[in-house]
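Okay, structure first, notes after.
Every chain is named by a letter (A, B, C and D) in the order it is written, and numbering of its residues begins at 1.
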Amino acid sequence: MSTRRTFIKQTGKIGALSFLPFTDLLNNPKQEHTMKTATRWADGSRLVVSISMQFESGGQPDNAESPFPQNMEKGYSDLPAATWYQYGYKEGIPRMLDNWDKLGIKVTSHMVGSAVLNNPQLAKEIVDRGHEAAAHGMNWSAQYNLPYEDEKKFIKDGLDAVKKVTGATTVGYNANWLRRGENTLKILQELGFTYHIDDLSRDEPFIIQVNNRDFAVVPYTLRNNDILLIEGRHFSTDQFFSQVKADFDQLYAEGEFKRRQLSISFHDRIGGSPQMVKTAYDLIKYMQQHKGVSFKRKDQIAELILNDRTAIREK
Amino acid sequence: MSTRRTFIKQTGKIGALSFLPFTDLLNNPKQEHTMKTATRWADGSRLVVSISMQFESGGQPDNAESPFPQNMEKGYSDLPAATWYQYGYKEGIPRMLDNWDKLGIKVTSHMVGSAVLNNPQLAKEIVDRGHEAAAHGMNWSAQYNLPYEDEKKFIKDGLDAVKKVTGATTVGYNANWLRRGENTLKILQELGFTYHIDDLSRDEPFIIQVNNRDFAVVPYTLRNNDILLIEGRHFSTDQFFSQVKADFDQLYAEGEFKRRQLSISFHDRIGGSPQMVKTAYDLIKYMQQHKGVSFKRKDQIAELILNDRTAIREK
Amino acid sequence: MSTRRTFIKQTGKIGALSFLPFTDLLNNPKQEHTMKTATRWADGSRLVVSISMQFESGGQPDNAESPFPQNMEKGYSDLPAATWYQYGYKEGIPRMLDNWDKLGIKVTSHMVGSAVLNNPQLAKEIVDRGHEAAAHGMNWSAQYNLPYEDEKKFIKDGLDAVKKVTGATTVGYNANWLRRGENTLKILQELGFTYHIDDLSRDEPFIIQVNNRDFAVVPYTLRNNDILLIEGRHFSTDQFFSQVKADFDQLYAEGEFKRRQLSISFHDRIGGSPQMVKTAYDLIKYMQQHKGVSFKRKDQIAELILNDRTAIREK
Amino acid sequence: MSTRRTFIKQTGKIGALSFLPFTDLLNNPKQEHTMKTATRWADGSRLVVSISMQFESGGQPDNAESPFPQNMEKGYSDLPAATWYQYGYKEGIPRMLDNWDKLGIKVTSHMVGSAVLNNPQLAKEIVDRGHEAAAHGMNWSAQYNLPYEDEKKFIKDGLDAVKKVTGATTVGYNANWLRRGENTLKILQELGFTYHIDDLSRDEPFIIQVNNRDFAVVPYTLRNNDILLIEGRHFSTDQFFSQVKADFDQLYAEGEFKRRQLSISFHDRIGGSPQMVKTAYDLIKYMQQHKGVSFKRKDQIAELILNDRTAIREK
């Protein structure tokens, strides 16, 4: 409730509308004009696109889920499944890195700590080529059920691994399957993080209070997410193209009046396939033909919103 | 059986056909001409399109089903899933409301009582912008297994919540997962409802007898339903477009001779995404290029059919 | 093995090939030319298309499987699921009948006995409009596990129901989920049936020996089947169109040299939706633009093949 | 780690990059130019396409998995499912063989031993028409859990079956569901095999050490695999086309600078349907319009890479 009220105050849009007499509404079908008082990106972008390149392979647990049937006898290793994961660092990330360069964009890479330790040179290359190293926990495992101290160590170990290998200090966090626990945000704040992404509630970043201080939420996506759509084998790559394009078209239109963010997610072993990299290339080329579209790392987005007095504030 | 006989009497079509000699049938491949005696919409519409915008988010139970895996340890909250639902009222409904205005159409919003109480201003805005507030139970839970008095309270509490918040009196009902019980229709009739939608049996509204009085059935849809097709991740948005378009094309053709209704369903957190709103916009724009297509709220449809002496009557 | 040998003898194709020296093969990439000695349809058709319109709704068991979640408490009726089935006879079959007339084709309708008894006028109309009434068992239930006498009664009751209601004698059979038992074919032969369809092994009809007499197999389809593809929500209707079109294109090409049959399957409550009828219309119109394509009832196909001395014979 | 280092040494690409100053990277968005030092195919191919035609039908266990529901009472045979498998050798393989001839390409056929014994003439025809007979185990069953001697017999029996029937000596291996055990590669080396395909880690062949000798890995595919995509009913054939085409486009582009392999997989009863053969034809025709694309049997690929001093070497 208070959330909604804050939203209305920020944008001025719905509050205004609810005072309009009914006949005015009927005579004013171009409702989007009332959005003119809504706030836009502080840097003048019409639409901000934020791409995730999750670096997880090499950090997965033994016999982790894969496209192979989960029906092995206990005590045996799923050897082909292991090679499916290896693809992530042998082909996937290198191919995506070349693609981002070709397109001239920078992305955010949430990195599992153990994956970084297993392939340090690749982790360093990601950073050296200008992308953001963000945190994704020390291991590929649930954290929502950890006691406070264990969870803090889990997060800090991941941060330290990235720092040691790449030299970069992570300021953004993504929990395993987005599942943070009740303490996660407090811990992140304590460890110097400025934002997290485990939230699907909005198509723009916003500010929440954690330990009585501002903390940014840079929303993530399931609807433009390769792990759900492609690895789930629900979509072929041309369907992925169509659906993300439709998302872009609508958000770009809304961006004329309002701060809008499009999030897209790629995972090393999935988004790094030739078919997906080709699809990502075509999508981004299409977006780049539109004026005012900027591609930003999530640390940049967090900084922008934390310094924006017109940002949506929740709780 | 009697149903079928009634149908034949109403339309005159099949009854006539079965008296045609077999050779006539072979010489008369344009069978649709015999539909000329079928009845059409009383208001002259060639095709009526009825759109649902279900308002449920904020009223879901704790750890309700979501795109996240249902594998959490007991005793923990599924925090990212909660943000997935929040999207429904923070982005989904506002975006759809703007879309309906842009397209100049009015829709029917079945509202869960608890969702309305949690976001009253938004519920009120739906009504203020000219859409129908319809009932969807007090809570997001099954009702088919409730005793008579409990079910009556469940329905009435929902009706009261909508009335209190929006000022509107609901006359239409949609049960959770369409699953009404044996008493549901009687209760609805007693509480002043004029129609329900939990029926998939026809592509046009019809009249049934409840407590010896007329009651309208305004059929709903699974085949043009975002929750099954999109949230089930079976379809990309371009597939949704193709399939609904094919439905429209066929029903529009049939509408030359017969009363036909196209139903489409959108849920706040799914149909309210940018990609789906863009898709809905394209679909409706396409439909609006056809003569005689009218977009109606279901209360209007119910009223039309209840006053139509040529309506199909069942039971 | 013997099967394969028979096949080779019939077509002359592979037998000939295996005597060709290897270098000839390399020099002769247009392999299809060797198919010129293969046998074609006795009536000169280049390709025979056979469409099924299964009539089952109204004959389903209580709380039969449907698109609704199978999670109801015991002791309650799944009322919306029942309306989903009603759609089959209220809208689906009538719409498909009009479509076949518009296209000028005749189809085969496998009818569940209890569905026929529940909607006799519709069953009769199917026959009166020139389509084949074929058998599909007395009830919607498994038969592979019935003792001989029970299975015989099950099949005969279905045959009798169709005969009584429509006047037609069924000569073709389709078991529930295609699952015949070890005795089924013998019983069919004893009851005067001339063919069955519960076989996916070939793209053309063939002859088997049952009780030492010829019996025709007119193969059915899963790959062009609405219940698997559409009701399983795997495919949108445009995908169904593409896939069946690809099947047609290939079989039409092969038909220049060889007897080929394309089978397509529609079920009352699924294939009878507006979107599917539109799709079927577009598909068949496309096929009808090709010379030599004939649309046949399966009883006609069975008769053709049983009288064809060049037919493939198995076992 | 060592893997990664080897990779870098081979291609020269990433090692070079990590010495570039950061500003150079920003000024050099055309990252692919740095790939010019990567190694390409020794025979000058720009892209090698390798097609699998798995021959398994006839060798499946009783009541093997199929598109039919797995809900039969024990003690009964799934008769329609058996006909679904028969399609593989009666229609599928013969149709694919004609297609490969029409396209002028040779493929690799991994053959289950028992399938070969059940349809020897067809197995022989595959070889006679110029394709590679490769091994796929004696039976259709798991081997990862067999003791050393049992597994050796399992593999050798399959090799012997193919040899006896076709005269060909198999040098390549594919384990059931790609699931090799810890001893599999050693056994293969001992039995004279030169390569295996149960690896998804790269888009090019590479060399590993087995028993201190070189052994080739010719990677297989899940993302362009008919059993997962088509039989899983996730994709229609036009989606299969789009996705494989996207894979080709990307790998062809990369092939300018680097040794790249595209793998596609077809199974007798699935890839041999008319719709899939038509789709494969269209795909390959498209590929053949590009200069430098060669279609190779996997034994040829293994030989090429084993004799290539620039090959990637692992472990």
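The rule we apply is simple: contacts are C-beta pairs under 8 Å (C-beta built on N, C-alpha and C of every residue); 3 or more make two chains touch, one makes a residue touch a chain.
Predicted model only: the values in this text are computed from it and were never measured.
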Can you work out the rotation angle that lays chain C over chain D using Cα coordinates, in steps of 5 degrees? 90
Interchain centroid distance [CA atoms averaged], chain B/chain C, Å: 35
Approximate Å spacing (C-alpha centroids) for the pair chain A, chain C: 49
For chain A, residues that touch 2 or more chains besides their own: 234, 239
Every touching chain pair, please? A-B, A-D, B-C, C-D
Considering the complex alone, what residue numbers of chain C touch chain B? 67-69, 72-73, 76-80, 83-84, 86-87, 89-91, 94-95, 97-98, 101-104, 118-122, 124-125, 128-130, 233-234, 236-239, 273-279, 281
In the complex formed with chain C, which residues of chain B make contact? 1, 3-5, 7-8, 14, 17-18, 22, 25-26, 28-32, 35, 144-145, 177-182, 198-203, 222-223, 228-229, 232, 234-235, 239-240, 242-244, 246-251, 254, 262
